[in-house]
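Please find the structures below.
Okay, so chain A shows up in both of these, paired with chain B first and chain C after.
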Partner chain A sequence: MTTLRDRAAIIGIGQTAFSKQSGITEHRAACEAIRAAIDDAGLAPKDIDGFVRYDIESNTELALIYSLGIPHLRFFAGVTSGGGAVCGTLVLAAMAIATGQARNVVCFRARNRGKRSISTPGKFGGGRPWERQPQQVADFYQYHTPFGLITPAQEMALIYHRHMHEYGTTTEHFGQVAVAQRTHAERNPNAVMRQPITLSDHQSSRWIAEPLRMLDCCLETDGACAVVVTSRERARDAQHTPAYILAGAQAEGPIHIQLSDYFTHRNEETGGRSVAKQIYEMAEVSPRDINAAMFYDHFSPAVLTSLEDYGFCKPGESGPFVAAGNIQWPHGRLPVNTHGGSLSEAFIHGFNHILEGVRQIRGTSTCQVENAELVLVTSSNTDPTGAVLLRR
Partner chain B sequence: MTTLRDRAAIIGIGQTAFSKQSGITEHRAACEAIRAAIDDAGLAPKDIDGFVRYDIESNTELALIYSLGIPHLRFFAGVTSGGGAVCGTLVLAAMAIATGQARNVVCFRARNRGKRSISTPGKFGGGRPWERQPQQVADFYQYHTPFGLITPAQEMALIYHRHMHEYGTTTEHFGQVAVAQRTHAERNPNAVMRQPITLSDHQSSRWIAEPLRMLDCCLETDGACAVVVTSRERARDAQHTPAYILAGAQAEGPIHIQLSDYFTHRNEETGGRSVAKQIYEMAEVSPRDINAAMFYDHFSPAVLTSLEDYGFCKPGESGPFVAAGNIQWPHGRLPVNTHGGSLSEAFIHGFNHILEGVRQIRGTSTCQVENAELVLVTSSNTDPTGAVLLRR
Partner chain C sequence: MSQKSETPVPVPNFDNAGFWEGCRNHELRIQRCCACSALRHHPRPLCPACNSSDYDWHKVSGRGTLYTFTIVHGPTLAAFAAHAPYNVAVVQLDEGPYLVTNIVEYNGTPLRIGLPVEVVFNDVDATISLPKFRPVKPMSGSAATLKD
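Moving on to the complex of A and B:
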């Protein structure tokens, strides 16, 4: 039986500068990041024959390959969602490579909130959230939007409240995630937010949607990130240490409300828990084998639930796990988001986490985990989702 | 080397009624077609673990699997474009199956033009084409939209004019395609347009964008189509004759303007010609082995250029090839669009062509080609594109 295990590797990474207002279009940002990733891979545009993007991406492959001088694609695909798409792009790239449909595949994400607010009004900027709702609310949004659960912060607040209610998790636990990641970001020259914060700063930051405070929320960032994925065989000739995709998986269901899966019990095999089972089976490893994790962190408590979903601690024990310093670099058991994550480096819809995973494998992170052999990278751990295990 | 050759098969097909105004949402249409395909495959919703859609599809996987009672997906992806996506959905499904990322994958397309005109104004309906242009024209549309090349008919008209200029192709040749397909549709109870037409009817139908007349243009149809793809091994237990995906490919470039690739020479290996080369190599067959073809036919001359791209005749000889009756069922060398195609059965963005390909393999078409062993199905033969070879 063919599987994706160890069939593909990331050999190139590239990014733009991250900022609140880049002043460049999403097209240009994507081209800059992709070009940098191709250079980093030691390849030329003519070597690229596949593209995977988030399906919400504004850049089309046609426009990008024309601008980049990529002559011809033999594979192109998209993955549903924003934060749910991240690792799915690598899974699709690995599939194409494993079946010989493509040789060198670019995966990327580019964002410019300013541009988006002109071309697709209502998503970013432009008044209060409820003013930005379209007249006709589509899909399952119709079931919670009328009750004021409009923004991701509002939707996720209920899920995190439930975690607090069931397990005694506190907002201090959330704060310990935010502080740990900011401490990592202080060493990262690419991070947007590098000034130190304390738990007290966190606790005094304003509510966004209780129990989420401002310092629990990810940044909103302009910028782009890209990687080049190739076959295991071709990766041997790469100019940098390849990050092999030891395992990768996607999952969606069985509770099918994006973000707001209020009816899921935390012991059901859904979202991150489903993906975790798939990748551990494929990789034949367990959480204790993993040296670092880049968890999708639109909100700091997403790191808590991810720690549980991926088996680093039992359900309900993530708060104390974090409080004990386990996610801090350099001495924690499992350094998490060593670039600062979406809370402090940049919010590129989680794609920057893949790049940090690769840097850990290469040994080039600004918070380098010694002898990092195995790094977990995840998409948002609600539906849809995905994850990859990168190995040296 | 792993390839997609013969790794997957279509074991279920399903569709809604086709009409000009269905009165049902795209969500319901998709559910009806997918449910029918799952039933036809002899499976239950719980057996489905993958989904592939056109990226312009309004239906999300989340909403569909919830409504259909599909518990959990392990694979989901989208393909760029409308008519360029058709066969790419099968290629991605086959990749997922070949690598073990999914067992049974649904591919589908659902359309309701009325609903779209409410939720995404400007695409269908609502005034003249130039009134429907957004203020800011994105991507490469900015290079031809200001010159009045706004609708697909206007864009493609120039390409077909060039074919007439270079090779002496005539609008009568276009008409012979339209008449042949209508003759096929007369036998198809699912076809929207079944009243006979003559070449004279074609020649007297009004100009849409010279040299394209009304009877050269595809219908605009409400409806949905779906298929279920599974592995070669599981297909052996299917309740209907499986249509094995002997080969499949996608292509994009090197001239990267969707539809309007005015600068491509017809002897360059781009679009359909690139895909043709890939699938013939993978399948180790040549055009003469193929018993029927379902060509994407947004306009009747697309059948002419596809006949050339896929090697059924030399560049420039497609007009005389059609005039000699070669695409007509039952006596033609290569019966084409035996369901009536997008010109006479329905325009479901080409997805109905896949279903007809499967019916030919099963022996259940209303214009059944005797002993059909090998059927070609194609996406739109400009960029992006794709094709599959189905075998019994």
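Moving on to the complex of A and C:
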């Protein structure tokens, strides 16, 4: 059977600086990150013939080809969702390349979410989308917002409180994720938050939505990230070590923005667990073969549920798994979010995790896992989701 | 009251009007498939179990269990920030479906997952009432059974 296995590779990565206030628009940020990725790939804008973005991205491919001077696109698509879209962009790019619909595809995310960022008008044009909820709620948010359920932190708090109840997970386990990722960010000059934190700092940080504290929450960042994906054959001539997409998959699952029907349908066949099964079968690997993982971490306990979904521990055992130091670089069994993740490096809707996955394969991470051969990158596992396995 | 006017209100539509009409009449009515009797919430045009588009609005007991909750401190929408910290809950009805809601009238009762609750209605304006839940008062002489 023909699969996506090893059909495409990431040969270029690019980003803007990450900050709380970049002073530039999302459009300019996207252009800068994409141009940097094209340069890193050793290509020119004229070589790009495909684009994949998140469907909520404010930068359309049309706007981008005008700015970047790309003469002709043959493939363009948007992946449903926000944080659920991350790895799906690579899956679509690899499919387009494997079928000859495109040669060199850019995937990217640009996002101004700092409180004082320059925003483009419109629901997804920067700032906090939930602050612009209309007073008359006609869409499915009408089962959330009239009850004061407004923000992703509040939605996720409901999900993680249930995890605590079912498995004995504690807020200290959440804190151990936040502390581990901060120690990784301390070494990363790109990271917005680099000052050390302790578990006690975590436990004394203010409540946002119990059981989530401020230090459980991702940053609010201005910035953009992009990659260039090409075929396995063309990747051999790349100027940097290619990160081959060994496997990739997507899954629609229960979503945190429709919580009244979230708990009904979450089971072994949904979300991250479905993606895990697909990619391990495609790659013919198991969790023990994976050297590092970049898990989508809008909130620290998302790392816990991802460890379970992707089979690094049994359901309910992620808290003790983290408490035993397993996600800590350099000695942990599975260093996680070695760039600091969304909690400490930047929140670019998870796309910075793809760049860190590539750096691990290239051997250029500031928390480099020795002999990293196989790296897992995931999308948000409480949305439509996805994941890729990158190999050297 | 300006506070009230800023609070988000649902706009019923063709597919969910029966749910909100029930609330307005202080009855919790959950969408039920006429072909296979499966209950579903949130409302939607087709039964996910059998795909029938034939449904009615089934009055349920209004009893349920606190399945999970959060205490919101903020940030949150301005209309709610004045009331923080406040709770948001997911209640599982005895009949199965879940609802996002708030727990009210629980003074002195610490919220905990598993708490038996019953529906009460909060009239927001002339057309909209929101289903909220309060702890079930243990009946004198009979043992209140906890589900967790």
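Quick notes on this structure:
We adopt the following convention: the second predicted complex is superposed on the first by the 355 of 392 C-alpha atoms of A that agree within 3 Å, B and C clash if a C-alpha of one lies under 4 Å from a C-alpha of the other, contacts with A are read in each partner's own complex, and residues count from 1 in each chain.
Rule of thumb we're sticking to: a contact is a pair of C-beta atoms (placed from the backbone, for glycine too) under 8 Å apart; a residue touches a chain by one contact, two chains touch by 3 or more.
Computed from a predicted structure; not experimentally measured.
When the two complexes are overlaid on their common chain A, residue A:Asp237 makes contact with neither chain B nor chain C.
Of the two partner chains, chain C is the only one touched by A:Ala209; chain B is not. When the shared chain is aligned, no partner comes close enough to touch A:Glu281: not chain B, not chain C.
Within the superposed three-chain model, A:Gln101 lies in touch with chain B and out of touch with chain C [touch as defined at top]. In the superposed model, A:Pro71 makes contact with chain B only, not with chain C. In the superposition on chain A, A:Leu92 makes contact with chain B only, while chain C stays out of contact range. Shared-chain residue A:Tyr143: touches chain C; no touch with chain B.
In the superposed model, more residues of chain A are touched by B than by the other of chain B and chain C. Residue contacts after overlaying the shared chain place A:Ile159 against chain C, while chain B stays out of touching range. Contact with chain C, but none with chain B, is seen for A:Thr151 once the two complexes are overlaid on the shared chain. Comparing which residues of chain A touch chain B with which touch chain C, the overlap comprises 134, 136, 138, 140, 258. Residues of chain A that touch chain C in their complex: 130-131, 133-138, 140-151, 154, 157-159, 161-162, 165, 206-212, 258-264. In the complex of the two chains, the chain B residues touching chain A come out as 1-4, 7, 55, 58, 60-63, 65-66, 70-80, 88, 91-92, 94-96, 98-101, 118-119, 134, 136, 138-140, 249-254, 256-258, 270, 274, 278, 383-384. Those residues of chain C that touch chain A in the complex are listed here as 5-11, 13, 16, 40-42, 67-77, 80, 83, 85-86, 88-90, 92, 97-102, 113, 124, 128, 130, 132, 148.
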